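We call the chains A, B, C, D and E, going by the order they appear; numbering starts again at 1 in every chain.
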Amino acid sequence: MEHFEKGVVTKAGLNGTGLRVLIVHTRWNLPVVEALVKGTVNTLQAHGVEATNIVIKDVPGAYELPFASQSLLQSAKVPFDACISIGVLIKGSTMHFEYIADATSQGLMRVGLDTRIPVIFGVLTCLTEDQAFERAGLGRGPSKGHNHGEDWAQAAIEMALLNRG
Amino acid sequence: MEHFEKGVVTKAGLNGTGLRVLIVHTRWNLPVVEALVKGTVNTLQAHGVEATNIVIKDVPGAYELPFASQSLLQSAKVPFDACISIGVLIKGSTMHFEYIADATSQGLMRVGLDTRIPVIFGVLTCLTEDQAFERAGLGRGPSKGHNHGEDWAQAAIEMALLNRG
Amino acid sequence: MEHFEKGVVTKAGLNGTGLRVLIVHTRWNLPVVEALVKGTVNTLQAHGVEATNIVIKDVPGAYELPFASQSLLQSAKVPFDACISIGVLIKGSTMHFEYIADATSQGLMRVGLDTRIPVIFGVLTCLTEDQAFERAGLGRGPSKGHNHGEDWAQAAIEMALLNRG
Amino acid sequence: MEHFEKGVVTKAGLNGTGLRVLIVHTRWNLPVVEALVKGTVNTLQAHGVEATNIVIKDVPGAYELPFASQSLLQSAKVPFDACISIGVLIKGSTMHFEYIADATSQGLMRVGLDTRIPVIFGVLTCLTEDQAFERAGLGRGPSKGHNHGEDWAQAAIEMALLNRG
Amino acid sequence: MEHFEKGVVTKAGLNGTGLRVLIVHTRWNLPVVEALVKGTVNTLQAHGVEATNIVIKDVPGAYELPFASQSLLQSAKVPFDACISIGVLIKGSTMHFEYIADATSQGLMRVGLDTRIPVIFGVLTCLTEDQAFERAGLGRGPSKGHNHGEDWAQAAIEMALLNRG
């Protein structure tokens, strides 16, 4: 293989009209999270998801994401078609990062499989602050990086459509 | 991003009046745990949770937390709105720390998702004693640190309210 | 033991005639994934699986594989006999690789056990790009390597037949 | 904090009269296991558990503990109030230790949550033989160490009483 | 403790007459696996299990073991009393080993707990080929090592009898 560029190939023509999307985000490292949520919402709308069909809720930290996602999906009066669970974990000096990241990633997987509504894993698991900034389009170096919220929004629409069949 | 401060942004105006909160805590490294429980209780009351609505139970170690939390939540005559499971794990010379922390963090996640009552992960997973002291407001250095029980109390109220819808 | 060659011993005489096989693949590192999918499809057909009985769906990333596999298996009008979930994870600078690989491998295991339809784990978990190329038959060194899609196709047929009893 | 002693604070006045306790232990590293079982039984009896209410079963290795604990708890003609699952894992040259310890600790957690009978994690996960001896009161150095069976017995009584409500 | 020999203490007088045992084995590193299966079968028969009561099935790799074990246990016309799932994983250059070993060990644990039929973990998780040879009685050094299939056979009989009560 001569040329190879790591990364995801986006799907053309995604149309989110009529889809209802739940966003649950944490408030740890909030400036980064807010940039990610903004990137997510902008991309949802750019693909046709109406603003009134986007519900945004927040929780304190990543460990709360699976519970809140399940609770909000199951109690919704009008069902959601997808959930995007967003957080930013940055490695600290204790082992908190590892256990939270592990339980959260497994927990969100469970919630998707149990509820049969796609749950997008929008949690950055970074070893440094700079890694988080770059993945939220806030990089302080020569490049501002890429806002991963854009990918999550597209993934949510795509998975919602796949799930509708 | 010019300025960035790691940490959680607290939610303004949390009102815990009428909420019933279960606290289950371990007795390993008890002085640290007691400080965390105290910080938790004080913060619950500062946000309106009545003292009569706070039930405190203790277990020996962290591995007992998921079982006890589930048992107490399911057998409660008056239902609880949230559970805060508190413990302090400090890395020792065997692999006990790793397996207990892993099973406990996954177990508490399961209990929350199964019972549909929010379970706050109030378990410190520290590599040194000093890390534990600093996270209980008992730091021996220039700063006494921050008592994480305050965060857990707020998280419990917030998640209980979210779960009520 | 004088001679020992690591690797799998293939089963002779596998006949996939009449079997319906679902392939779900990611679009991260797509050139590698496409080679793997091609190797999978060719081998399925070489063993008698009709082209009309092979359904190929794609998702953005590996974390979506368990959900999509479950959703497509459960909503199929004509049941599938096996599912092959294909993706290519390459270690990056954050811990994303580890948490995605862990949740995905456990999630796909769950989907197989829950649906009682065999789910083949076609996810490469590589530390370098070259490792991925070599396992897709795209090696840039003296050997082009081996396309693991061929193994996954045979595994899918074999497990489908075993599951039929 | 001036003084701090790591360890568990035992609960005063535990009374196990009338409680039925199941002990399941492995036979790997049996001399150490036997010392732990003896410490467990002695402590159970010292707190009032009648000898006729203590049932001791053995299995080959730690991976068998969750299955045997579940099987014996569920088939008991007179129900047990608690289960203590005892084993000694010592790190060897393969990765056997890690995978057995992980599956066993998660499996025993599941059995407790599923059966609603407390399961005490009496499995030592040691990196050296000396670590195991010291935790069974068999230390070869200046101190004989502490027999962890004593803690497990007390934990079993305490959790059984908590679970009765 | 003066003398201490690591290892398992076998149970005297195990009688497998009338027990039906399922063996599922992989075909990766087949010469080693075959030696393990042979050691397993010989030991089963030495303890009274009739040849007609031993059913041997094979799958490609370790990730297939939980699914195949569950499928064969659940579809058996005459129920099995135990299952021995055998495979040999050897660490390679990617992370495949770790994720397969983890999902397989957790998956087999689940299958035993779900089906209530004991599933023996007969999977070697080795860092080198020599480690695998030595645990299959095929060691190339001064000692040929010990065939772990013998232990698994005894464990299967013992657990089947324990499970019958």
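Definition applied: a residue touches a chain if its C-beta (ideal position, glycine included) is under 8 Å from a C-beta of that chain, and two chains touch if they have at least 3 such contacts.
As the structure is a prediction and not an experimental result, all values here were calculated from the model.
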Quiz item: CA centre of chain B versus CA centre of chain C: separation in Å?
Solution: 41
Self-check item: chain C and chain E, separation of their C-alpha mean positions in angstrom
Solution: 26
Quiz item: Which chain C residues reach two or more other chains?
Solution: 102, 106
Quiz item: What pattern do the touching chains form: line, ring, star, complete or other?
Solution: ring
Quiz prompt | Chain order around the ring, beginning at chain B and proceeding next to chain D | solution = B, D, E, C, A
Quiz item: For chain B, which residues are in contact with chain D within the complex?
Solution: 26-32, 57-61, 63-64, 66-68, 70-72, 74-75, 90, 92-96, 98-100, 102-103, 106-107, 110-111, 114, 129, 133, 138, 140
Quiz prompt | Complex contacts: residues of chain A adjacent to chain C | solution = 1, 4, 6-11, 91, 101-102, 105-106, 108-109, 112-113, 116, 118-121, 123-127, 131, 135, 151, 154-155, 158-159, 162-163, 165
